[in-house]
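In the two assemblies presented below, chain A is common to both, partnered first by chain B and then by chain C.
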Partner chain A sequence: MAHQAHAYHMVDPSPWPLTGAVAALLMTSGLAIWMHFNSVTLMSLGLVLLLLTMYQWWRDIVREGTFQGHHTPPVQKGLRYGMILFITSEVFFFLGFFWAFYHSSLAPTPELGGCWPPAGITTLDPFEVPLLNTAVLLASGVTVTWAHHSIMEGHRKQAIQSLTLTILLGFYFTILQALEYYEAPFTIADGVYGSTFFVATGFHGLHVIIGSTFLAVCLLRQVQYHFTSEHHFGFEAAAWYWHFVDVVWLFLYISIYWWGS
Partner chain B sequence: MFRHMIAVQQVARRSICSSARRQVDNKVPQKQKIFQEDNGMPIHLKGGSGDALLYRATMALTVLGVGFTLYELVKASFPQKRD
Partner chain C sequence: MFRALSRVSTAGFRSLARTRTGYSAPLASRCYSHGKVETDEEFDSRWVTYFSKPDIDAWELRKGMNTLIGYDLVPEPKILDSALRACRRLNDLASAIRILEAVKDKAGPHKDIYPYVIQELKPTLTELGISTPEELGIDKL
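Our next item is the complex of A and B:
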């Protein structure tokens, strides 16, 4: 076997970028077909292809790192840069929705009654379920940090317990938020209040689900002895993402739930 | 008498431990052997026949998907009334 004279990782040719791009094509075209012709087939096909791509792509990365040893320190540095840049791009994504919220709420138009919250909108009490949700996510930030220290100190059982607790807190948040959505006295169609509320909190909720999934994969990997006390970047990436989700919620809570009520 | 007490304690501890949860074995060394084998297989097929099956299914959906998309887009481009 030819050996490389450098510490970097020249990946094997892979079909997953192509299948991922096709999945994006199918999902976007499928969205248009759904909007105009009431058929979800194309979009669903795209979603299935996306899930297959994600599973196999990330499975291959685990193989390359944990089983083949390709994730040397310089490679891991690149992965860290990558995750940080990705999270930064997500910050900008949410920034847009916060911009929209402040644009409409700082100078409420006459159509809204010249006030915020707009006339006719019954807002949610920020000191009920939203406050509980804040506590749940803050607690999950503590448990994920506990999990990290457990991994670094080689405490396998504690790492599994704290990581499981983090994921359960994530599920609890999601369930509470789903119930809030169901019980809310306003909908997404209720003017700019409804739009900004549900789009901003909705995308946040989606990110909670994504983050919980990432943590669940880390739990499976921790159980299967993939992580060492020195090398567990997959977990660190998940923890960074989870903290980001928590911080976005804090901004949402303060801006939309509290100031905006 | 003291030895018997210790023995009971140990047995009690053992039976509680083993019934609580089954142990997951560390299979990482075996996986490392499989994936470091010099067989020229690319990473996405190196795990065995399961990989090949999943790859073929994914590729089939990819090709079919592109075809279906082009068909739907061409169909949508013409002024036809839909039911």
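Our next item is the complex of A and C:
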């Protein structure tokens, strides 16, 4: 049997990077086809391929780490760096949308009436559903921390309960926000107000859905005994991501919902 | 729209028409326990300088106006003159007229302030070819 004289993980050849790249190609060109020729087939194909790639690639990582023991301490350290760098890149992603918002709102153009909110825009009351949403996400930050401590202390049932509660709070936020979108007195087409509002909060909502999914996968893994009290990096990564989503919301709430009203 | 701030009679308009003697009001009614207090003259000249920047860009003009209008005061004619000249440099007639509308709004219930400001700015308005909202008939809804 072959052995390695180091603690690192030399990954076996895998088709998923290629299928992922093909998915990206099909989605982008599919988007162009949709815009010009009114057909969603190519883009949908790309989307399906993307979902399959994600499922199989991450399934393989779980197999390599949890079942085959490849995630030694240095390997885990690399995964930590990776997750931190990824979240940092997402921070910069949102920074761009905040830049756009502040550029437009600190110096509103004559077309808007030289004021912010622009003339004719009825903003949402920041002390109604948006405040509830803030409470929901802050609470979910508490429950995910509770889940982490439960895992570290070996309390299986509590970990499952608190993780489930976190996910439910995430869904609650998503539902509330969806209702807000439906009832809002302005649309994405309503000038720069609509654009900055819906693009920033929209991408945030997408990240809530991604984060909730990540946590749900962790719940499934916790139920199937994947995590130990010492080694549960997948959960930690999900929790970091979830806290990031919460922090972005706090900035959105303060900037767009509160100051911007 | 422009937020309605409390229009306390002494805290607002600074001009030759005021009756108090000697002392200078602190910057925009902030009451700090310590720190240097800006005089009215320093405030005015700071803003005149801001709008006098030769290569001021459109964003800076709008930002300056929004910040200035956010204060609990009606800007001095000399500041407005500088802002109107900045509008001229930027070919922004719309903002120039909007500035006059903002002054009227900032004066609130003090109906004598706006006509006074227009009177002080008349030479500049004529020189730059800026009509007032009243002349254009857009002061009525």
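Please note the rule applied: the second predicted complex is superposed on the first by the 261 of 261 C-alpha atoms of A that agree within 3 Å, B and C clash if a C-alpha of one lies under 4 Å from a C-alpha of the other, contacts with A are read in each partner's own complex, and residues count from 1 in each chain.
Note that in this section a residue touches a chain if its C-beta (ideal position, glycine included) is under 8 Å from a C-beta of that chain, and two chains touch if they have at least 3 such contacts.
Everything numeric in this text was worked out from a predicted model, so none of it was measured.
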Touched partner set for A:113, first chain B, second chain C, both or neither: second
First (chain B), second (chain C), both or neither touched by A:187: neither
Superposition-derived comparison: chain B or chain C, residues of chain A touched: B
Touched partner set for A:229, first chain B, second chain C, both or neither: neither
Which superposed partner A:88 touches (first chain B, second chain C, both, neither): neither
Of chain A, residues touching chain C in the complex: 103, 106-110, 113-116, 119
Chain A contact footprint on chain B (complex, rising order): 24, 26-28, 31-32, 34-36, 38, 42-44, 46-47, 54-55, 57-59, 61-62, 64-66, 68-69, 72-73, 76, 82
Footprint of chain A on chain C - complex, ascending: 1-2, 58-63, 65-66, 92, 94-95, 98, 102
Chain B contact footprint on chain A (complex, rising order): 1, 11-16, 18-19, 22-23, 25-26, 29-30, 32-33, 36-37, 41-42, 45-46, 48-49, 52-53, 56, 60, 63-64, 66-69, 223-226
